[in-house]
Amino acid sequence: MSVNARVAILMGSKSDLTAMAEAARVLERFDVPYALEVTSAHRSPERTLEIVRRSEQAGVQVFIVGAGMAAHLAGVVAAHTTKPVLGVPMDGKLMGGLDALLSTVQMPRGVPVATLALGRSGACNAALLALEILALGDERLAGRLVQEKRAMAEEVERPAEAARRELGELLEG
Amino acid sequence: MSVNARVAILMGSKSDLTAMAEAARVLERFDVPYALEVTSAHRSPERTLEIVRRSEQAGVQVFIVGAGMAAHLAGVVAAHTTKPVLGVPMDGKLMGGLDALLSTVQMPRGVPVATLALGRSGACNAALLALEILALGDERLAGRLVQEKRAMAEEVERPAEAARRELGELLEG
Amino acid sequence: MSVNARVAILMGSKSDLTAMAEAARVLERFDVPYALEVTSAHRSPERTLEIVRRSEQAGVQVFIVGAGMAAHLAGVVAAHTTKPVLGVPMDGKLMGGLDALLSTVQMPRGVPVATLALGRSGACNAALLALEILALGDERLAGRLVQEKRAMAEEVERPAEAARRELGELLEG
Amino acid sequence: MSVNARVAILMGSKSDLTAMAEAARVLERFDVPYALEVTSAHRSPERTLEIVRRSEQAGVQVFIVGAGMAAHLAGVVAAHTTKPVLGVPMDGKLMGGLDALLSTVQMPRGVPVATLALGRSGACNAALLALEILALGDERLAGRLVQEKRAMAEEVERPAEAARRELGELLEG
Amino acid sequence: MSVNARVAILMGSKSDLTAMAEAARVLERFDVPYALEVTSAHRSPERTLEIVRRSEQAGVQVFIVGAGMAAHLAGVVAAHTTKPVLGVPMDGKLMGGLDALLSTVQMPRGVPVATLALGRSGACNAALLALEILALGDERLAGRLVQEKRAMAEEVERPAEAARRELGELLEG
Amino acid sequence: MSVNARVAILMGSKSDLTAMAEAARVLERFDVPYALEVTSAHRSPERTLEIVRRSEQAGVQVFIVGAGMAAHLAGVVAAHTTKPVLGVPMDGKLMGGLDALLSTVQMPRGVPVATLALGRSGACNAALLALEILALGDERLAGRLVQEKRAMAEEVERPAEAARRELGELLEG
Amino acid sequence: MSVNARVAILMGSKSDLTAMAEAARVLERFDVPYALEVTSAHRSPERTLEIVRRSEQAGVQVFIVGAGMAAHLAGVVAAHTTKPVLGVPMDGKLMGGLDALLSTVQMPRGVPVATLALGRSGACNAALLALEILALGDERLAGRLVQEKRAMAEEVERPAEAARRELGELLEG
Amino acid sequence: MSVNARVAILMGSKSDLTAMAEAARVLERFDVPYALEVTSAHRSPERTLEIVRRSEQAGVQVFIVGAGMAAHLAGVVAAHTTKPVLGVPMDGKLMGGLDALLSTVQMPRGVPVATLALGRSGACNAALLALEILALGDERLAGRLVQEKRAMAEEVERPAEAARRELGELLEG
C-alpha cells in the first residue's frame, strides 16, 4: 500500500476484505497508489464523513466502496463528495445478494453511484473502471489499459485449448 | 399539525406525501403531536442530521421515515439517534417496491430500523406502532389503543354483511 | 434468564434458537430481564394466545418474535396485543428467506409488526430496538445506549487496521 | 346463497370480493350450498376462530380462504380445523402478489393449506377443488365433474376458430 | 406399502424420493394404504396417463405429486382426473425452487392443483391434507386427525424447555 | 393462412392471440405456410396430443407455442414430438410473467423447449427462429434471412436521426 | 446539440429516448457537448462498433448507454473501448426492469460497466457521473458540481414547506 | 471431437465446461461432429466474431452457447449469424442464475436466441434441440431421435421400482 492515494477503497465490514482485495490487486498491478479503510455508513457515520473529507484533501480522485445487505455506504459517500463513487455490492444470503445490489444501484436523482457486479468480479471491475477514469488524464495509464485489453483477448485462446483437452478426459472418464 | 412533537415524520421526497399522510392522519386521530419534514439521505445529508438532532432536543420520541428506491433515509436517521426509527418503504416500479423494502429492512447489526409494509398500509401501521411505543409510558394512550383494537374487530362484521349483499348482485348481474 | 421479564422472545421452532440467541445475548448484556418461549402460530394457537396474555400480565413490554417460511407468528402475536411486536424473519431456502420476510413485513393496516433483517443480524437488532423502546421510560438505559453507539463507532477503527494488515498478506500470499 | 353450507368462503377484506365471487359462482353452478364471511386473521382473531367453529358445527366440509399481503388468514383457519383449507392468494403490488403467495403456501409441517393460483383463477379453481373433494362422497357430483371436464375440452375448439378469424382481421388491419 | 391404495404418490424423478418419503411416512403412521410411482410428465407422458387411469380404477381417491424445475407433473395428472391432486414443488437451485413453485401453483381456470410448501415440509403436509380429505368420509380417521392436532400442540411445550436449557449453554459457552 | 403448413402456432388461450399474431405476421412476410390452433395442456390434453400428431403428419416441421401462468403447453407438445418446439411465455401479473417464463424454460433433461422472450417480442423471434431452422434446408429462405438481417441493421440509422430531432424538441419544450 | 462531443449518449431503441433525454438535459445545463446515437448491440453490431471507434477518435471521453430487456449494448460498447462506460437499464414489464438491470450490471471481470438506476433517474445520474469524471481534469466543471450539490441540498427545504401545506389540505379534505 | 463440425459449442469461460460437456456427450452419442470453443463476448469480441464466421464457412448449422452472469455471448453470436443459436444460461450465485437466464432469453425483436434451462440440464437439452433441428434434413437422425424418445419413456419404469425398494429402507431405517 502507499501514501499519495489516488483511489480510496472503503468497505462496510472487515468481512468484505476477501472480495475487495481484488480491487487492491488490480490497482497494485497498475502501480496506482490507493488507501484502504473499513468504515460503516450506520455504525460510524462521522468517521465515514471524515474519511471522505480527508481522502479528498489528500488527493483521492475515485472512491471504490464495497458493502452488503442494506448497502448504504456507497450512497453515503456519494452524498458527501463530487468525485466518482463506484459501488460494489457484496453477495449474501437473501436472493444471493439482491438486497445489496438494489440498495447500491437504485440511487435517486442527483447522487449517482456507479454500480458494478456482485462480489469479487465487481471489485475487480471497480478497480478497472477507476483506472479508465484516471486514464482520461494520464496517457501512460491509458496506454497500459489498451495493452491490457489486448492481452486479455489473447489470453482467452489458451483456455479454449485447455477446455478441449479437458473435455476429452471428461468424456472418456 | 402541532408544536411539542412527540413523533417526527420524515420523507425522502415530497412525492411520498400521499402515502405518509396516512401516518399523520392516525396520529391526529389519537391527538399525538408530530412534525413533518422532507429531507434526503443523499441530497441533503447535513440537513437530515440537523433535523434528527433538533427533533431529539425538542422531545421527539419516535421517528417515522418513508423513502423509496435505494431507501437509505431511515438507516441514516437510525445511525444518528438511539430513539426508535420506523421505516416505511415506498412502493415503486422495480418489482413493486422490493428495492425500497430490502434497502430499509436489511440493516446491519447495531443500527435497527423497524420496517413496516410498503406504502400506505405501512405508513398507517408505522403510526400505530409509534402509538404502541408511546403508550408504554402513557396509560391513557394505552387505553385508547385497546379500545381501538376492539372497535377494529367489531368493524369487520359490517363489511361481511355488505359483501354478502354485493355478492348477490354480482352473481345476478 | 430471569423472572420479571420486560421482553418476551418467542420463536416458532426450536431450530430458530441459534439466530434468536443473539437477541437474548444483547438483552443480558444490558441487564434487561426477558423470557424465552417456543410456540407456533399454527400448531399451538391456543398456547400462543395464552403466552401473549400471560406475558402481558407479567409486565412484558415488548415482544420479539422469530419465525421462518410462512412466518405468521409475529402477526398472530400482534393480533392479540397492543404492545410493540418486533418480527425477525428466519433465513431459509426459498430465495434465501424472502418467504419469511414478506410474511412478516407485509401486515395489513391496523396490526403493525416492526420487521428487522433476516436471521442473526435481525435478532440482534430486534433486541436493540426493544432497548430503544424501553429506554424512552428508563434514563439509565437510554444513557447506556448512547454509550454503546459511541463504542460501536470506535470499534470500527480496529478492523480497519486489521484489514490493512490482512490485505498485505493476501496480496503477497 | 344458502343455509346448510357445505363450503365456507372466507376473505380477509371486502376488497377481495371481486376475486372470491368466482368461487361462489362455481359453487352455485353445481348447486353446492356455501356461506360467505369477511373476517381478518389479525383484526378480528376471535371472530375468525368463532366462524371456524360455527362453520364446522354447521357441517362445513371445506374452507376456501382468500387473503392478500402477509396472507395469514388461511393459515389461521388451518390452525383451528382438521377440515381441508384451500388458500387463494390475492394479487397485489409487490411483485404482483408474491407476498400473498408465499405467505399462503409456505406453511410449516403439520398445518397444510392447499394453495391455488393468484386472484380470480385461483378462486375459481379453489371451488373446483372443493367440488372434487366433496365428490369423493357424492357420486352425483362426481358425475357432474366428469361431464364438466369433457365440456371444457370441447369448448376449447370454439376459440380456435374465432382466433383464426380474428387473426385474419389483425393481419389485414 | 400396500395394495388397496387410497392415495397415489407420484414423483417426476427418483431424486425426489427423499422429500416425498415424508408423505409416505405420514400415510403409514395413519395406516392409509398408498402406491408409489416414478413417472414423468415429459419423458413418459403415456405412462403417466396410464398410471392415472389405473390408479383411479384401483380406487385411488387422492393424488400427491412431487416435481421440480418446470414442474408440470401435477398439472398433467390434474388434466386427466377429477380426483383432488396435491402438488409438492421440489426445492432447487433457481431462486431456491421458485421455478417449481410457480409451475405447480399458477394453474389456469378449470384444472386445480392444490399446492403445498416446497420440499419435505410440503410432502408431509400433502399427506396430512390427503388424510383431511379422506377423513370427510371416514370418521375414525377424522378422530385420529383431531387427536394428532392436539398432540402436536402439546409437543410444542417440550422444545420450549429444551430451548431454554440450550440457550443457557449458548450464552455461557 | 394456408394449407401445407410448415409451422404450427399453438396457444393456450385465445387471449394470447394479440401477442402470437406477431409470429404469424413474420411467417406471412416470408411466405411460409402455417397453421394456428388454440388448445390447452390441461383443459384439452387429448385434443392437444391429436393436434401434435396431425400436424406432424401434415408436414409441420416446427412448433411455436405460446402460453401463460404455469405455462405447460410447450412442454406437453415437446413431450409428444421430436420436432423443434419453440416456447413463448406470455407476460402476466405475477412478477411480469416470471411464472410463465420459468414454467417454459426450466424443462428437465430429455425434453427441450427453445424459449424466447416474453410476449410480443418473443412471438416475433420465435417465428424468426423457425425461419432460421427451415432455412437450413431451404437456400432461398436462407438468402432472404441474410437480406433481412442487413436491412434491419440499416433501418437502425433512421431512428437515430429521428431521435436527434425529437430530442431537440424535448429539450426546448 | 454540438460537435466536439465529450460524451456520447447511445441507446438501443428510439423508445428509450424519453428516459435518455434526462441525460442530455443535464449535459446541456453544464454546457458539456455530447452526441446522441441510436444503435443496437444485436441488430446493428458493426454500426455499433463503428460508432464507438468514431466517437473515440472524435474525442469522446465517456459513454452513456441506455438499453432494455437483455440489455447488452453497454457491455458491447465496453468490450470495444477503454473509456468509462455508464449503463442505464430501461424499466420494463418483467419485474419492473430486473432483466435490463441484471444484464447491465453483472458484467464479468475485465469489462466494467458502471451501472446506474433504472430509467429516468438513472439517465440523469449517468450524466452527473460523466460530469464528475470529466471534472477530474476540468476545475471549472468541478467547481460547478460543488455548487450544484449545495443548491440541491437547499432545494430540499422548499418541498418540506409545500408538503406541510399540502398535508393540511389532505387531512381536511 | 471431430472436424466437419455441424454444431459449434461455445462457452464464455472455461469454468462453464463441466456443464457444457453434457452437450458434447449427447452429440457424441449421436455421432454428430462438433467443435468446442471458449471465447468471450466482452473480452475477445473480435475473436468471437471470427469464430462465428469461420464456423459458418466450415458448415456449422447450429450454435450452442453457454454463458453466465450478464450472459451476452449467445446474443452476440446471434447478432452475427442467421443460423439457429441455442443459449444455455449458467447457474450462479445471484438468485441461482436468474441474471444469466434473463440476459439470455430477453432478446429484442429481430435477434432470437433459443434459451434452454440453467446449467447441465440446459446443456443436455441444447444438444437434443440441435439434433431435432438437424434431423429435419437427416432422416436417419430423425429415426434415432424417435427411438431415443421411446427408450427414455421405458427407462422411467426402472427408477420407479428402485424408488419403491429404497422407500422401504428409508421408512424402516
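Letters A, B, C, D, E, F, G and H mark the chains as written, and numbering starts fresh at 1 in each.
Throughout what follows, a residue touches a chain if its C-beta (ideal position, glycine included) is under 8 Å from a C-beta of that chain, and two chains touch if they have at least 3 such contacts.
Worth saying up front: this structure is predicted, and the values here are computed from it rather than measured.
Participant: Match interface A-C to one of A-H, C-D or F-H, accepting only the pair for which over half of the contact pairs are the same residue numbers.
Facilitator: Selected from A-H, C-D or F-H as the counterpart of A-C: A-H.
Participant: Between chain B and chain H, tell me the centre distance in angstrom, where each centre is the average of that chain's C-alpha atoms.
Facilitator: Inter-chain centre distance comes to 51 Å.
Participant: Could you put a whole-Å number on the gap between the CA centroids of chain D and chain E?
Facilitator: 20
Participant: In whole angstrom, what separates the CA-based centres of chain B and chain D?
Facilitator: The computed centroid separation for chain B versus chain D comes out at 33 Å.
Participant: Would you please write down the residue numbers of chain F that are in contact with two or more other chains?
Facilitator: Each of 13, 40, 43, 45, 69-70, 94-96, 98, 101, 105-108, 110-111, 117-118, 121, 152 in chain F touches at least two other chains.
Participant: Chain pairs in touch?
Facilitator: A-B, A-C, A-G, A-H, B-C, B-D, B-G, C-D, C-E, D-E, D-F, E-F, E-H, F-G, F-H, G-H
Participant: Can you list the residues on chain F that touch chain E in the complex?
Facilitator: Checking each residue of chain F against chain E gives 12-13, 40-43, 45, 68-70, 72, 75-76, 78-80, 94, 98-100, 102-108, 110-111.
Participant: For the complex, give me every residue of chain D touching chain F.
Facilitator: 91, 95-98, 101, 117-119, 121, 152-157, 159-160, 162-164, 166-168, 170-171
Participant: Can you tell me which positions in chain B touch chain G when the two form their complex?
Facilitator: 1, 11, 13-14, 17-18, 21, 24-25, 28, 36-40, 43-47, 69-70, 92-96
Participant: Can you list the residues on chain H that touch chain F in the complex?
Facilitator: Where chain H meets chain F, its residues are 61, 82-84, 86, 101, 105-118, 120-121, 124-126, 128-129, 132-137, 142, 145-146, 149, 152.
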